[in-house]
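I'd like to ask some things about the structure below.
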């Protein structure tokens, strides 16, 4: 096994203006509490028995895997939202599933879509859902903005 | 050394409809046998002496590195294909090279291009090819579809 | 902790023609000295006390995390540039920040932007800059070209 299997996870979100789209993304990561962390993007599973914890502060520069949705925009006044949903199975020997979605639109709209996405993913597996957890970040762009929602794995 | 060097690899492919493009991608991962795995995308080397194995089932939620091509489409009737090619060198002390390609079009067309890409990459290195392995997934979209081909590293 | 915290880093750059955009990117990685390495993309922190070293040659196929900017173009004559900037803090207990930027345009333009991006990121954190390191790769496309600048973490 090259990598270990994570045993804990938490959900965070953030949004920010920025000098460039990448600076806005950096600001959103900072607001989410993971701006001084090295995030490695992965597809999108919560291992069996992985425990949800409160967000923790990592040592600066540590490499952690994450599943996230993010969107930047340079259209003043535009509302952008990013959300993640974690669907956990009734059977504790099965894994949970993370879905990510971002688009123009309000928190309400994006949350509904990302919840449906996670529910569809569990249905495809033939698994019953025990719990469906979401976090969504909505942001109204001033000049250049970013919005972000993430599931951080740890352990 | 932060990460280990993988010692085994295998090729998989899959395709699926989905409620959204990400759900279709999730379905393609499931069909490929890696839908309950945390895939971390990497560029695209097979280490020297890395052995090809038959696809294995990972413990759910484990983090594994992969090189993959994937494409989603929401155009009904459209044919989309994704392929990967692994070029292995005659000199066993040198590494192999993975190339990925996806586009509208049939299996035949995408396979030819991705094979040429891997051959060109070896030519650029001045290395002779001992073996050229490919897997391609072709899919005709119904409503929203995804196609995927991947090389999974392990060991 | 799933991954370790890197303790060394170095900056590299490269550019190349290629049979396809991905082949050009592969050629740029080769010219940068990391073409036979498995690069895993991450967001973009240099841990505290992480030491800059001269570029090293990795064992082929090893997995290493990197922050990079890259751009491909198939417009003959077009000038494309990619740059990374590393801003290091006065306070050695704080981490450094990596910013990446690529666009059409000359080395001079891209370097100015990516330096400003790193400076803005440090300002957002309220941290003073001790050193600002950059590498930029400029390339004039013949048929299909790629340009790349990267910060490689190691240790």
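We call the chains A, B and C, going by the order they appear; numbering starts again at 1 in every chain.
Definition applied: contacts are C-beta pairs under 8 Å (C-beta built on N, C-alpha and C of every residue); 3 or more make two chains touch, one makes a residue touch a chain.
As the structure is a prediction and not an experimental result, all values here were calculated from the model.
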| item | value |
| --- | --- |
| Any chain that touches chain B and chain A | C |
| Proportion of interface numbers common to chain A and chain C (over half same, under half different) | different |
| Interchain centroid distance [CA atoms averaged], chain A/chain C, Å | 25 |
| Per-residue overlap in chain C, given as positions that touch at least 2 other chains | 2-4, 6, 40-41, 63, 65, 153 |
| Residues of chain C defined as touching chain B within the complex | 2-4, 6, 18-20, 22-23, 26-27, 29-30, 35-41, 59-65, 153-155 |
| Contacting residues of chain B [partner chain C, same complex] | 1-6, 40-48, 50, 63, 65, 94-95, 97, 99-101, 113, 116-117, 120-121, 124-125, 153 |
